[in-house]
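The first chain written gets the first letter, and so on, giving A, B, C, D, E and F; residue counts start at 1 in each chain.
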Amino acid sequence: MRTHWIDERIVYDGSQLRAHWLLHRCGFAGDALVAFRGPCAVAGDEMADLADLDGPGIAADDMVHFVWESFEHADLRLAVHRQRLLSAQAAEVLRELAPAAIVRRDGDDLWVGSGKLSISIATVTPVSALIHFAVNATPGGAPVPITTLAELRVEPRAFADALLRRAAAEQDSIDQARAKVRPKGEWR
Amino acid sequence: MRTHWIDERIVYDGSQLRAHWLLHRCGFAGDALVAFRGPCAVAGDEMADLADLDGPGIAADDMVHFVWESFEHADLRLAVHRQRLLSAQAAEVLRELAPAAIVRRDGDDLWVGSGKLSISIATVTPVSALIHFAVNATPGGAPVPITTLAELRVEPRAFADALLRRAAAEQDSIDQARAKVRPKGEWR
Amino acid sequence: MRTHWIDERIVYDGSQLRAHWLLHRCGFAGDALVAFRGPCAVAGDEMADLADLDGPGIAADDMVHFVWESFEHADLRLAVHRQRLLSAQAAEVLRELAPAAIVRRDGDDLWVGSGKLSISIATVTPVSALIHFAVNATPGGAPVPITTLAELRVEPRAFADALLRRAAAEQDSIDQARAKVRPKGEWR
Amino acid sequence: MRTHWIDERIVYDGSQLRAHWLLHRCGFAGDALVAFRGPCAVAGDEMADLADLDGPGIAADDMVHFVWESFEHADLRLAVHRQRLLSAQAAEVLRELAPAAIVRRDGDDLWVGSGKLSISIATVTPVSALIHFAVNATPGGAPVPITTLAELRVEPRAFADALLRRAAAEQDSIDQARAKVRPKGEWR
Amino acid sequence: MRTHWIDERIVYDGSQLRAHWLLHRCGFAGDALVAFRGPCAVAGDEMADLADLDGPGIAADDMVHFVWESFEHADLRLAVHRQRLLSAQAAEVLRELAPAAIVRRDGDDLWVGSGKLSISIATVTPVSALIHFAVNATPGGAPVPITTLAELRVEPRAFADALLRRAAAEQDSIDQARAKVRPKGEWR
Amino acid sequence: MRTHWIDERIVYDGSQLRAHWLLHRCGFAGDALVAFRGPCAVAGDEMADLADLDGPGIAADDMVHFVWESFEHADLRLAVHRQRLLSAQAAEVLRELAPAAIVRRDGDDLWVGSGKLSISIATVTPVSALIHFAVNATPGGAPVPITTLAELRVEPRAFADALLRRAAAEQDSIDQARAKVRPKGEWR
């Protein structure tokens, strides 16, 4: 899986979570995970999670965004498992970068105390699976109480690089693991 | 997914990681995750991970074992993702039960410093996927340096109950999440 | 699988056969089969069966409707098998409730003599499989000769409850059955 | 799907429910459903249903057997749905051939009163799905109370021919149906 | 798989590469491969290959077109393999019909020297997989240097018939082959 | 996909076509295609193609062998398509290396006149798909009339290298192609 940091600031409005946005934006044809920094303001039409439709809105002034498209494994159930694992990896990275902070994972969300640190969704297109995961970088613009990387004294780009590396390494290690496994038979 | 604690002490020798062992042992027909306590001594013939065949052996005097069989989702790739997530959940549970300990996840393994805390494998049968995950309860019998729940001052049964609950709750929440997701279209 | 009777009268116009209509209408996130009573008037745009496009129309003044959405098994071939089985179950239920009637199943349709008793379609969305099955409750409004539950002296709600129960019980029993099956090898 | 009646009497002992038995016996390479007449005596080693292992045994002196192998659709869940549908079709055929009899389907079993009329199992091999379905032809040899085609005054070969035809016709009609279905979108 | 030559001249504009066009045009419900002759002018909106969007356009005055829809195997990866195999088959047919020509396959494209002989795309719909493959019949109208069947002295209809036959025969032989294969176990 | 030439001479007896032989032999964990030179003598027990069981035997004194294991795509239908494509690629390579020869592909077999040039089989294990493809290098030891690379004046190692490169390049190009494809909708 290719990983990439996009230097340019991008306003994430939900339309990026579409098939082939990564091909259009970065020229990548195939599975890829990219990260970039920018505000977040998801329009209702672009909300993939129906549970968000009647919620307080999805917005923040400054986030580190991750967009993952997989053509190889376009199954929604697997994508949600990958999303949960990505969230767990993010918490693990933060524990290394900010050992004093107590980061709690609840499903696909990260929390520090009562402050929400992240947002996330996994969905499918007719040709791929997509994951969006984003962490608040600095305060402002959110419709709910949030925590930010700034409050954890974690540098956004360092966090992004570490999570890109970890997610890619774990996918490699999963591929290796499953190619070394003997099947088992029936209990008698 | 049904969860269950087996009160009886069971010697885990790898033969339990077979199709329908849970049906035979507990009478469960369907997806289930069970836990029990007992020693571990996996014979070479029962090693599912080919990487273990030339290793130091898989053994310990006292472990908390988890065996997960899924008939609904018998795919190895998904099973390895579930195994990694189970390992991440175990680390999260330990952070709650032993906040002072620094538990590190490396793939499907948990470590405290240079002591290995857990072992795990995911594999498939012709009708199901299987995961074994086990955590050292008290010292003794391992061919490599280990850490134990005893050293973390975590009570084995409390740990097992918490992990059974967390794993089942996350599967429920994954099912809910994927049933609330709108698909996305094509970037233009 | 969750089952539910909706007390309110609903005009079935085909638009209900969409992803997440059950979530919207009943708040169910996950596989579910619901039933309700109401007229039927399916617009051409909403016809899922292309064979119906040049037909006499799909309409009736009073039907018992069943809508089944499955996120777990979003495969069209399986959905059509489930639809056929649902139709067979409906015939079985009617034989119990109206022993004197001779109900004939032809694919997904039920007939009594030359009167058509039911309509049905199975289709897919990007995230789920959907089945609509409906049985005429009282006469009127149909573009073809029909039979009705009234003529069979079967009470619509009793029929709906019995079929909801039977369909759910059979899905449970299918899950149980497949978790108790040993695989077989090669002929020599 | 090819169908075929084997004239020769065959003792069904469970070993026939193996990959490529139909290729070996009939020369068929591909999906096929065959029927034949003969006694039944399934050894414990050949029992595919673990629920039968501690049961009264699977035996009868004279049955009409059906063996269905599908390479195209080697999925166990679909195979169990096909097995249930085959059982429903058998009941429907009997209602035509013996209108006075009250044949009851309970899952994959047919009953007349308290007499068991049929046995069945669906399973998988590494390359195919397999279904065995058999109906008692004449009395004798069974470890449980049974009913027979003889008691229903149904001629075994006529029954077999009718069920072979009906099962093949329904598979054709399922293929046709799914190739005429338009997908549906999202509820708004 | 059904094959068919459509006598009528059809302007291929890309809109034909849609679910159920073959049902609409030929009345075929199920997997089918058809061929016809006509010009080609694919509008940008109908281009399935994103790599073509900024290209010189897809057009030619006279081509032999093949459209293949498969409901049985609606997987994009398999469809691309079938597309490559169809292209290889076309080259093999041309070697028989024009032994002196040197036809080179490069992925899904055929070339004779620096002249492009064919165009092709494989894609998916929510219910099927689709392949378009077309070979230039006579010169004219193309935005790039092309070769034509006329230059190879190959009669278009003879070529179409031969390729329809070969593609269908190979699918039959693939079905046969996979139904005669024994699985293999583990290396020890 | 990793490719590799094994310098050592290996007697291919069919036992190499097993899960994880490439891991054992070359240390590769994951999808790989390797080639080597050696005699061929497949025992009946190791024949994967049931059609070979009553045949003249599978043997030759000197062949170039290819063994392909795929964990990513363990589906038999896809594997047979890949096998056919590999055979077509081999013929294409030979046309470049021996332009004067007329190599004919018939399914998975290559022929020059009435001399059989190759053998091949595709099968599955519980964790992977496997393909064996081998081409006669020099005459001798075959139970049927054969042609050899020597007669075509093609150097075995050059052929192997070219085919390894071509097969890997085509898999890459297939991955690229499917990640650039827009889905299509319904015909109206």
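The definition used in the following text is that a contact is a pair of C-beta atoms (placed from the backbone, for glycine too) under 8 Å apart; a residue touches a chain by one contact, two chains touch by 3 or more.
Source: prediction; values computed, not measured.
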Common touching chains of chain D and chain C: B, E
D-E or A-B, whichever has more C-beta pairs in contact: A-B
Same vs different contact residues, chain E with chain F, by half of numbers used: same
Distance from the mean Cα position of chain E to that of chain B, given in whole angstrom: 49
Inter-centroid spacing, chain F versus chain B (mean Cα positions, whole Å): 39
Numbers and ranges of chain A residues touching at least 2 other chains: 19-20, 23, 50, 76, 124-127, 178, 180-183, 186
Pairwise chain contacts, counting only pairs that touch as defined: A-B, A-C, A-E, A-F, B-C, B-D, B-F, C-D, C-E, D-E, D-F, E-F
Contacting residues of chain A [partner chain B, same complex]: 15-21, 23-24, 47-51, 73, 76-78, 80-82, 84-85, 88-89, 91-92, 99, 102, 105, 107-108, 121-126, 130, 170, 173-174, 177-178, 180-187
Residues of chain D that touch chain E when the two form their complex: 19-20, 23, 29-31, 71-72, 125-128, 175-176, 178-183
Of all residues in chain C, those that touch chain A in their complex: 20, 23, 126-127, 182-183
Of chain A, residues touching chain C in the complex: 50, 76, 124-126, 186
